[in-house]
């Protein structure tokens, strides 16, 4: 029954990568806590770089400096 | 003052259906806990089927099998 | 597969009332969007009144004024 | 290490305004709790007015009445 | 910079198991999306079984039937 | 109508500090986006240091090293 929410910036994660995140997070709950994978829900949120901040500035600004 | 967040897959819910979810969730808090509807907030997130997983696989894959 | 999160202040909701919220929210998704209740998850968070604010002040302060 | 999530309706907030929210929320955690800004994360969600409800009705309906 | 939130029922997960969830979720983001582990945040919420519902009933009720 | 969720580790924030976070976050939304403070909701979650991870390890472990 676990619920996992993964938030990442929207920077080109492919459907295959997102499927891997879902598979991996589900397996993690099975391995560590013996949870039932059939009722484990994983939701991925992809967030615009303008809408994500670290250190008081947006990821958009950070990426420009990199 | 309650806050309700409803996450569903993005598969064509209409504005009317979403308005019904908002109305119904607000009424539920009034009926069960006598909450003030005027300060009850409901937020609906519609999530791409590639970004939602159950049983370790995406809803996109599940829908193809159905 | 929907996921519903209900946040309320911790002010004495009983197990019966919380069971009613879970039943009602699940039924709402069935009625409005024909979702499968068996994979509908509802999580209730009860938040201390010191940790919830509206209008820039805590619910603790608001309750004292009422 | 704090994590701040700000949910607003999608009604034209500019990148500059969102950068200000990120800067201001980060500074708030520094000022009040002496948190390290470099590990403070702020995520802004912009929600369609059809998907946000108060008082049992959508913001879309409320805006039309205003 | 990813943020992962894992919600599980409060049913005796040990500090070691929770540390494993944190380690595993962080590594998953490194492996799949090459994210920087030093800015990857994982938050685990443990939810009372009275406050978690599936299929319209609480986990407390489900556990009694098992 | 904005909704702000602030997650911090549970390490002794006082009611006064939490009231300041609520006041400050509400004022931020007023200043930047001209939002109505009376319908701005702020919820603070205090998370055990065993349940919060950065860099793949818990805050409990990090604090012991500091």
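Going by the order they are written in, the chains are A, B, C, D, E and F; count residues from 1 in each one.
Criterion: a residue touches a chain if its C-beta (ideal position, glycine included) is under 8 Å from a C-beta of that chain, and two chains touch if they have at least 3 such contacts.
By chain, UniProt protein names: A, B, C, D, E, F = Tautomerase.
Because the structure is predicted, anything quoted here is derived from the model rather than measured.
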If a chain touches chain D and chain E alike, it appears here
A, F
Compute the centre of every chain as the mean of its C-alpha atoms, then state which one is farthest from the centre of chain E.
D
Do chain B and chain C face each other with the same patch, meaning over half of the contact numbers show up on both, or with different patches?
same
Chain E on chain F, rotation in degrees - Cα superposition, rounded to nearest 5
120
With residue numbering as the guide, point to the option in B-F, E-F or B-C that repeats D-E in over half of the contact pairs.
B-F
When contacts are scored as defined above, which chain pair ends up with more C-beta pairs, B-F or A-D?
A-D
Provide the C-alpha centroid distance between chain A and chain B, rounded to the nearest whole angstrom.
20
Roughly how far is chain D from chain F, centre to centre by C-alpha average, rounded to an integer in Å?
13
Distance between chain A and chain C based on Cα centroids, please, to the nearest Å.
25
For chain C, residue numbers touching 2 or more other chains are 1, 3, 7, 25, 39, 41, 43, 45, 52, 54
Based on the touch definition given at the start, go ahead and assign the chain network to line, ring, star, complete or other.
other
Determine which chains touch and list them pairwise.
A-B, A-C, A-D, A-E, B-C, B-D, B-F, C-E, C-F, D-E, D-F, E-F
For a test of understanding, state which residues of chain C touch chain B in their complex under the given definition.
1-9, 13, 17, 20-21, 24-25, 28-29, 31-33, 35, 39, 52, 54, 59
Which of the residues in chain E come into contact with chain C in the complex?
7, 45, 47, 50-58, 60-61
Note which residues of chain F are touching chain B in the complex, please.
1, 3, 39, 41, 43
Applying the document's contact rule, which stretches of chain B touch chain D when the two form their complex?
15, 18-19, 22-23, 25-27, 37-46
